[in-house]
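Notes to accompany the following structure.
Going in written order, the chains are labelled A, B, C and D, and every chain counts its residues from 1.
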Amino acid sequence: MTTIQIGRSKTASVSYSFDDVALVPMKRVRDAEDVTLSWRIDAYEFDHPIVMAPMDSVASPATIIEYSRLGGLAILDLEGLWTRIEDPMAALASVATGPDSVRRLQELYSTPVDPDLMVQRVRELRDAGVTVAGALSPQQVLRFHDAVIAAGCDIFVIRGTTVSAEFVSETRESLNLKDFIYQLDTPVIVGGVASYKAAQHLMRAGAAGVLVGFGGGATHTTRSVLGVRVPMATAVSEVAAARRDYLEESGGRYVQVIADGAMGRSGDMAKAIACGADAVMVGSPLARAAEAPGRGRHWGREAVLADLPRGEVAELGTVGTLEEIVLGPSHTADGTMNLTGALRKAMATCGYTSPKEFQRCELIVDRA
Amino acid sequence: MTTIQIGRSKTASVSYSFDDVALVPMKRVRDAEDVTLSWRIDAYEFDHPIVMAPMDSVASPATIIEYSRLGGLAILDLEGLWTRIEDPMAALASVATGPDSVRRLQELYSTPVDPDLMVQRVRELRDAGVTVAGALSPQQVLRFHDAVIAAGCDIFVIRGTTVSAEFVSETRESLNLKDFIYQLDTPVIVGGVASYKAAQHLMRAGAAGVLVGFGGGATHTTRSVLGVRVPMATAVSEVAAARRDYLEESGGRYVQVIADGAMGRSGDMAKAIACGADAVMVGSPLARAAEAPGRGRHWGREAVLADLPRGEVAELGTVGTLEEIVLGPSHTADGTMNLTGALRKAMATCGYTSPKEFQRCELIVDRA
Amino acid sequence: MTTIQIGRSKTASVSYSFDDVALVPMKRVRDAEDVTLSWRIDAYEFDHPIVMAPMDSVASPATIIEYSRLGGLAILDLEGLWTRIEDPMAALASVATGPDSVRRLQELYSTPVDPDLMVQRVRELRDAGVTVAGALSPQQVLRFHDAVIAAGCDIFVIRGTTVSAEFVSETRESLNLKDFIYQLDTPVIVGGVASYKAAQHLMRAGAAGVLVGFGGGATHTTRSVLGVRVPMATAVSEVAAARRDYLEESGGRYVQVIADGAMGRSGDMAKAIACGADAVMVGSPLARAAEAPGRGRHWGREAVLADLPRGEVAELGTVGTLEEIVLGPSHTADGTMNLTGALRKAMATCGYTSPKEFQRCELIVDRA
Amino acid sequence: MTTIQIGRSKTASVSYSFDDVALVPMKRVRDAEDVTLSWRIDAYEFDHPIVMAPMDSVASPATIIEYSRLGGLAILDLEGLWTRIEDPMAALASVATGPDSVRRLQELYSTPVDPDLMVQRVRELRDAGVTVAGALSPQQVLRFHDAVIAAGCDIFVIRGTTVSAEFVSETRESLNLKDFIYQLDTPVIVGGVASYKAAQHLMRAGAAGVLVGFGGGATHTTRSVLGVRVPMATAVSEVAAARRDYLEESGGRYVQVIADGAMGRSGDMAKAIACGADAVMVGSPLARAAEAPGRGRHWGREAVLADLPRGEVAELGTVGTLEEIVLGPSHTADGTMNLTGALRKAMATCGYTSPKEFQRCELIVDRA
């Protein structure tokens, strides 16, 4: 990356967001029907690389089962309302936007997580025959992972604003990620990260997949509150470079790079893959489904933090069924429907027939 | 072009749109009356290089005949409503903006194209004595071109979001552009393209003119849906370079470079020529004519696609007659009227008296 | 200037507007009371370097006399309403904003210029004891200059969107600026120009002052209509370089560089001088005076052109008396009042006590 | 800093604001509870480095006492309403936004400063047991400093739009900062400055702390009025470099660098420290406190200047108690509450546990 001088005592790396870049067709156009979108992580294969994020506004047991039927991987937030409340439908329906929305979310999530309910939810999903994936925050992994393992997740996700392979605390017991993954029998996806080095550490710790970015682009305000921000095009490219180097270093272990955040439109997902991602984890596009538990409202877990909330409730509205959003047909022109059709068309237009090839797609950047 | 690093594993070419650049007068001012705008493609000569785009919202048989009287080339969309419906006036009048606009367009265009009607429309134009130009999408050329040739177009246009000289499909018969053009007796304009290489392939396939860009700037949403975008100043300059190199390579075949899209104001058209275009193809400026079939509403063919629409209906309103818009006088100050007068004035102000000379005009770019 | 590549066949010069730059205090702060703003052109000296632009919305005989009392140079548009209509107050009061504003301006200015009235206006000003300055467009200089000279202007201004030392026409008689200035006994200010070379030609033709920019920033739309635009910080710096080089070439003739346009706030005027201007010509800041003939509405001559108007009527409102605007005190915080006080304070803050010294002021540019 | 060419006769330094940069986590995540925010200037130590700015809208005797209880340094404006009016509560309540707001402020502040009241206010604070800090403008230091010293401030602040170590005037007696500081027994914080050199001069004059920036970002309009502006990321980095170099030159005198202005959100404060600041001085975030004397309205001293006001009244509203704003908990997600919690979290997320370490935090810059 280019380094520039911010005054005499400080430098900064020049970074690019998805909005800064665009795909440019430079090769022979392909037939969209020839594109295959299939994606595999560990032993699990999916029809497409669009992953439903573990957010209460999109992922309920019912939508996870439906999403699985539509060929994709969906993840349950194991610290969300479904593991706090027996029947959270009324609670979900009470979420609103407006000046008091954050305070109301904080109250809603003040009910503690119930490990028994956690086990019960995982079993519901297992009984439905789907690939079961559950997510915990790094802070809660030590506390709940026994329950989760007992329940039997197929894929385990550790997802926080920032995750490093080693968390340093002088007062609290902290997770040793490498030991944890080593002991676990299931593949672990972990993130978010924003840099080559942080990703490399997670890969060396044994992660099967690495989440790039801090998620929840539509709803989180980490930029205003912490000053932290990740221009995604650069971050994905950095982590893809870490994947490539780790592949050689490890003698062939290919770690899945999963972009997480700032992909509100199908065009953004195409850019994420073109920048080097193997898959994308999205919330807001799926929050617009008729079946979404948030009923068109969308929020992330960082919005419910008790002391320092860093997210808001976004009013997104509803555009169609989950099936129309994922598989089409589309009746809008804004990149919110037929996400897989859009990915196929983007790849074919640029001359590629698979996500892996598409990672070589030419990019342009505005001005700069 | 300058290449920059988007993280460690990816580069991007720095690209510029028309909004990024401006013309700067550096030479002796000329008299606008001394400027000649005439434009020629193959055996056909026109008073000015502004081409009416094959869009149902602007190009009907009636407006094509009027536009011809005003000295310009106008193109009929051979897959538009005029070849689907005997009398499409009611259908055209029913197009509206709003949340359901895309779905309604999709229904309107679900009536199949009628080859007989196609032939009939071409004959209407021929009988009126105009230079007849018709456009098909690359997908439909194989299916309809016999009908079109039988009907007798003077100029044939193949226009899609992206066109490459070779389209690759494993399942469908695909167009061999070179053979197709070779067999055809009429000059072929083909596009859009966005790069030097893609343009070069079309030139080598025998195109008489190449469309640069993906058209319909005012109405298409390819950026949101596919992540694909073409900053036009750079794209036109790239294709103009391909024209120059192909001129030498071919021993003198001069291919017309026609900018297509993102030119809503006369100033944008001037910039397109200054960047290297020989002509410009426009929709939205002509959709504001009192005679426009869209009655001030404007949409492109990508908006009517059944599975993945990538355009919307824009409400542009009406500013004057087609003659006032093309030849003046103007009564607005926003670059929407007297387009030829504005081109003359822009060239004269910068010290040039023809589009060909004007391609040498000095440019500035903001900041950068 | 830095040159960048706009695609393979075109380059552009990187240019900066006043908004892109800012003054940065790097020296010892001075006392604002020690700043002297006096400005001299030829034999005429003024208390400050802010020139009232020849625009009907600001410059009437009455406001010119008042402006002279306030220590500044004001210029009458010799092709404005005051030389077309005996008593233009009703006409001035009828100017309005809105959709038809351009058409109404065109009608208002369709009354031809009356050379006798021109002479009469100049005499009115002369009788009032002010330094008389009148402006003609380059197109009308040949036609009216005898009348103007007979009337006896002290300073003669030729002001158009672009003026070159030589205007080339195959059909019309054209002005030889050098001969014209040579024959004339009065100093001539001429412009606008946007480049080193164009300015150099005007200096060599004998101009006493050169206008940089195309004027009327608040109201003209040359960018949309013609694609022509002049980032002023760069343009002023370029012309200042031409002044420096011509000073040596001519053995000591110092030509006044007068920034004209895009200076709506006192901060912009300070930037213009810091970029190299000796004086600034402004319209919109003075259009906000209670005495302004436009009554808070503002328009330029390019808005009234019959075939291709390139300006609009701006509604600026009124903030205070002409004296408060020029000499203060100010009761607003937006840079629209006490323009000379703001210039003094800007210079003192940055450590300078005269416009000439202030041309050395340090600049910063955002990002870039 | 990078220097670019603004036309042939002028250069500019490329500068960055806080909005242009962001923090990027590149190290092991730390526990926010392990972060210590304590800050010391001279003999005075505080729990955190957020300083309450000397502005009437935030700092009254009552809020200064409360702010001291919350662990921070707060400064009284010794030329504000509290030293002009015996009981200024009614005056404070009458401040309003709107077209006449500046004129009304000017009237409010036309009552002269009363030195006896100044002494009385300082004593009130001293009696309450807080660290007493008072601010004067550079213009008034000579006139009032005897009164201030007699009253007994612990910390003395000289704060103006721009302050240089030496002020040059031909007519007025001017402050010799070095002599003044030498004679004074209390530590002096002085600013604002925007450059390495200006800061170096203040350090050499004996300043204990240097204010970087011109303060009042939310309310001042120095940019529009004077054309002067300070992109803060670059300015803080420059002054931090001066601190480092002066530390060596002086054989160990560490001068506090205090960012002042353009920090409306906790994320901005984190960026200021990451750019090299030791502390931050803020107004608008504290103006949103229920206890704020401005009742949610906010203005700076530059808004009340009699001849050339350069600030406005901003309507910010109220978000919570001063304690909630400084220490949390937060119920908003926009960076306006729990400022110290946000600083802790930002540092821990990026892998640091103190402000001094955090000055090494990695930065990214958008595009550029």
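Assume a contact is a pair of C-beta atoms (placed from the backbone, for glycine too) under 8 Å apart; a residue touches a chain by one contact, two chains touch by 3 or more.
Note that the structure is a prediction, hence the values are computed from the model and not measured.
Peer 1: How short can a chain-to-chain path be from subunit B to subunit D, counted in steps between touching chains?
Peer 2: 2
Peer 1: If you list every residue number at the subunit A and subunit D contact, are more than half found on both copies (same) or fewer than half (different)?
Peer 2: different
Peer 1: What's the rotation, in steps of 5°, that superposes subunit B's Cα atoms on subunit C?
Peer 2: Roughly 90 degrees of rotation.
Peer 1: Name the chain whose C-alpha centroid is farthest from the C-alpha centroid of subunit A.
Peer 2: C
Peer 1: Please work out the Cα centroid separation of subunit C and subunit D, and write it as a whole number of Å.
Peer 2: Roughly 40 Å separates the two chain centres.
Peer 1: What's the distance between the Cα centroids of subunit A and subunit C, rounded to whole Å?
Peer 2: The computed centroid separation for subunit A versus subunit C comes out at 56 Å.
Peer 1: Taking each residue of subunit D in turn, which ones touch at least two of the other chains?
Peer 2: Within subunit D, residues 2, 14-16, 234, 365, 367-368 contact more than one other chain.
Peer 1: Which of line, ring, star, complete or other matches the graph of chains that touch?
Peer 2: Ring.
Peer 1: Which residues, counting only subunit C, touch subunit D once they are in their complex?
Peer 2: For this pair, the touching residues of subunit C are 1-2, 14-16, 18, 21-31, 33-34, 196, 233-238, 240-241, 244, 265-271, 274-276, 328-335, 338, 341-342, 345-346, 349-351, 362-368.
Peer 1: Which residues of subunit C touch subunit B once you look at their complex with the stated criterion?
Peer 2: Of all residues in subunit C, those touching subunit B are 2, 4-17, 20, 102-103, 106, 161-172, 174, 193-195, 197-198, 220-231, 234, 303, 306-312, 365-368.
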